[in-house]
Amino acid sequence: MLELFRQFALELKASGINLTILYDAFDFERFVSGLATTCALVVLCTFFSILIGAAGATVLGLSRGPAAMLVCAYVALIRNTPLLVQMYFFYFAVGSLMPVGQNAIGLPVPMIGNFTWAVIALSLYAGAFNVETFRSGIGAVHGSYEEAALALGYSRFKAFRYVVAPLGLRFSFASLANNLVDLTKATTVAYAIGVAELLYVSNQIWSDSLNTFEMMNVMLAIYLLLTGIVVWIIGRAQRAMRLPGFGVN
Amino acid sequence: MRTEIEGRDLVSLKGVHKAFGSFEVLRGVELGVAKGEVAAIIGPSGSGKSTILRTINGLTPVDHGVIQLGDITVTDPKVDKVALRHRVGMVFQQYNLFPHKTVLENVAMAPIQVLKEPRKDVEERARNLLAGMRLTEKALAYPGELSGGQQQRVAIARALCMQPEVILFDEVTAALDPEMVKEVLSAVRKVAEDGMTCILVTHEMRFAREAANRVFFTDKGVIVEQGEPKAFFANPQDPRTKEFLDKVL
Amino acid sequence: MSETSIFADVLRWLPFVLWGFGLNVLMSVLAIVLGTGAGVFLGLGQTSHIRLVGGVSRLATQLFRNAPWLVLLFYCIFLMPYSIVISGATYNVPSWLRATLGFSLPVAANFSEIVRGAIGSIPKGQWEAAEALGYSRSVTLFRIILPQCITRMLPPWMNLYALLITATPLASIVGVEEALARTQAAVQSEAQASFLIPMYATLLVMFFLYTYPISRISNALERRFRTV
C-alpha cells in the first residue's frame, strides 16, 4: 500500500509535481510531526480557551463589580491587538523574565518553551472570543428561567450553574464553531516563535526540496480539512445537546 | 370576622408598599390567608396581582411593610431564602419548565440539588406526583414535547415536589388554549382539596367562585374588597368591584 | 537601569515604530478596499441563480475563509511574480504590496459572507412584492434590496477591518518592515532585557488605541440598527 503511494508519487514527480512527503521518509516524518503539533495546539487551546470563555462568562453573568470589569478589559485588550504581537510579548518579553533551567549538558534552556507560550497566547486569544460568545449565549436565555429556579430555592449561583449556563451554551454553538475555526487557523501564527507546526515544517520541506507550490497546496488542503473537522465536531455536540421539541437550533 | 382569625394566618401582608422607579405598584396591601385556605386574587390588569405573589416568596423585595409566612419574616433582609422557597412554591403563567431537563428531572431536581434530599426518595415522590397529574408516561419526555396543559401540570408537580406549605399560582391558565384550561384547573383544584394552602391569581371568575374560600379584589395597588366567594360575587360592596365584575362576568 | 531612561529609550524609538505603523495602516486600507470590492462580487455571486457563478463564488468564499491568513500571505509572497512588465517597463512589486494582496483575499471572502448574510436577512416578501410590481431581479437587487443592506453590513464590515488591522503584523514574518518588524529591530539594537516589555507593550497600546474605537463604534451601530 505504502509502496503504491511511493510509486504514484514518483510518477507524479516525473510529471512535474514533486510531493516529497509521499516518497521521502525524512520529509514524511517531518510533515507528520508538524501535523501532530498543529493538532496538539488545536486540541489544547480549544480546551483552555473554552475554560477561559466559560469562566469569563460566569463572572460576567454573576457580577457587575471589579471582577467583571477585569474580564471586560481582558476581552477588549485581546480583541483589539494583534495576536502576533501578543505572542511575541509573551514569548520574548514575558519569557525574558521567566526562570531559566539547564538541560542535560548544562546549557541554559527556558523553563517555559515556545510550544507552551504558543498554547498560552492562543488560549488567551481564543478565550477572549469565547467569553463574548458564551456571554451573548447566556444573554439569549430568557430571565423567566432564572426566576423559576430562584422560586425553587436555587441561589443565583446555582441557578446559573444548573439552568442558565446549560441553556446559554445551546445558544452559543454557531458562534463557538466560528471561534474554533479561527483558532485552528490562528495556530499557524505559532510559526513565528519557532513552534514546529504544520506551516513551519512545510516551510522547511519546501526550502530543502524546492517544492513550494506543491507543499502550499497540500498544507492548504490540510487546513481546510482540519477546519471542516472542527465544524463537524461542534455540529455533533450541538445535535447531541439540542432541546427536544424546541425548534431552536 | 377576619380580625378574629388573623392570629392564625399562615401568610400575612401588612402595609406592603412597592414602587418601580416612581411608579407605585403596591400602595399598602393588607392580606391574610389561613392554613388550608384557598385565596383567589382578582383585579384588573396592572393592578399589582403578580407583584403581590412575587413579594410573598421574596422574588420582588418590598419597600415598606411586613410579610410573614408562619415563623419566617419574608421582609427581613437576612431571611433564609432556601428555607423560604422550600415552604412557598410558585407556578407561573408561562410554565417556565427547564427545556434541557426531562419532565422527571424538572420535578425532582430542586429537592435533590437545593434541599439535598436523597435522589431515590425524591424520584419516587416525583413519579407519584406525576401519576397524580396523569402524566406517568411522560416522565422521560422533554417539556418541549408536551402540550401547554401538560407542561403546566408538570409545573404544578414540580412545585408540589418541594413539599411546600403554600403554593402561589399566577394566572396558570392564561397562556393555555381553551380546551386545556379545564385539565389544569382541575389539577389546581385537586391540590387545594388535598389541603394545600393556595393563593391564586386568576381571570377565571367561575373557578374563583367554586374553588376559593376567600376572594380578594385588587385595584391600583391596594386590596379594595374581600370576602367569601358567594357573598362577594352576589353582592359586591365597593363601586370599583362592581364595575370590574360587570365587565368580566 | 533606571525607569526614566527606559521610558526615554522607548520614546526615542517611538517615531521609528510609528512610521512602521503607518505601513500597517496603509496595507489595511488598501486591503479593505480591494477585499470589499472583490467581496461584493463574490457575495452577489453567491446569491446568483446562475449555477456556475453561484458555485464558483461559494467555492472561492469557503476556500479563502477557511484558509489561515498566514498561509494565504505565504501564497502571495512566494508564488506571485516579483516584478511585472507593463508596456516594456519593468516594475518591482514590493513585498508590502504582495502582502496587501495576501490580506485582501480573506477580507474578500469574509465580506462575501457578510453580503450574502445581509441579502438573506431581507424578508423574501420584498422580492415577491417587487416582482409583482414588474421589477426585474437585478433592478430589485440594486434599487430595493442592497440599499437596505448597507446599514446591516456596516457593523460587521467595521469588525472585519478591526480584524484586518490586527492581522497586518503577520507581514513582518515575510519581511515587510511594518511596526512589529521595526519594534523587533529596536529591541535588537538596544539589546537589553528590561527594554523588551515596555517596547512590546507600547506596540500593543498603539494597536489598541487605533482599533478599540473602531470596535466600539461598530458595536454601537449594531445596537442602534438592531432596535430600528
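Every chain is named by a letter (A, B and C) in the order it is written, and numbering of its residues begins at 1.
Criterion: a contact is a pair of C-beta atoms (placed from the backbone, for glycine too) under 8 Å apart; a residue touches a chain by one contact, two chains touch by 3 or more.
Just so it is clear, the structure is predicted and the values come from calculations on it, not from any experiment.
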| item | value |
| --- | --- |
| Of A-C and A-B, pair with higher C-beta contact tally | A-C |
| Per Cα centroids, the chain farthest from subunit A | B |
| Centroid distance [mean C-alpha coordinates] between subunit C and subunit B, Å | 57 |
| Distance between chain centroids, defined by C-alpha means - subunit A, subunit B (Å) | 49 |
| Geometric centre distance via CA averages, subunit C-subunit A, whole Å | 21 |
| Contacts with two or more other chains, residues of subunit C listed in rising order | none |
| Residues on subunit C engaged by subunit A in the complex (per definition of touch) | 63, 66-71, 74-75, 78-79, 162, 166-170, 172-173, 180, 184, 187, 193, 196-197, 199-201, 203-204, 207-208, 211-212, 215 |
| Complex contacts: residues of subunit B adjacent to subunit A | 57, 59, 81-82, 84-86, 89-90, 92, 94, 96-100, 109-110, 113-115, 141-146, 158, 162 |
| In the complex with subunit C, residue positions of subunit A that touch it | 76-77, 79-86, 88-89, 92-94, 96-97, 181, 184-189, 191-192, 199, 203, 212-213, 216, 219-220, 223-224, 227-228 |
| Residues of subunit A defined as touching subunit B within the complex | 144-145, 147-155, 158, 162-163, 166-167, 170, 241, 243-247 |
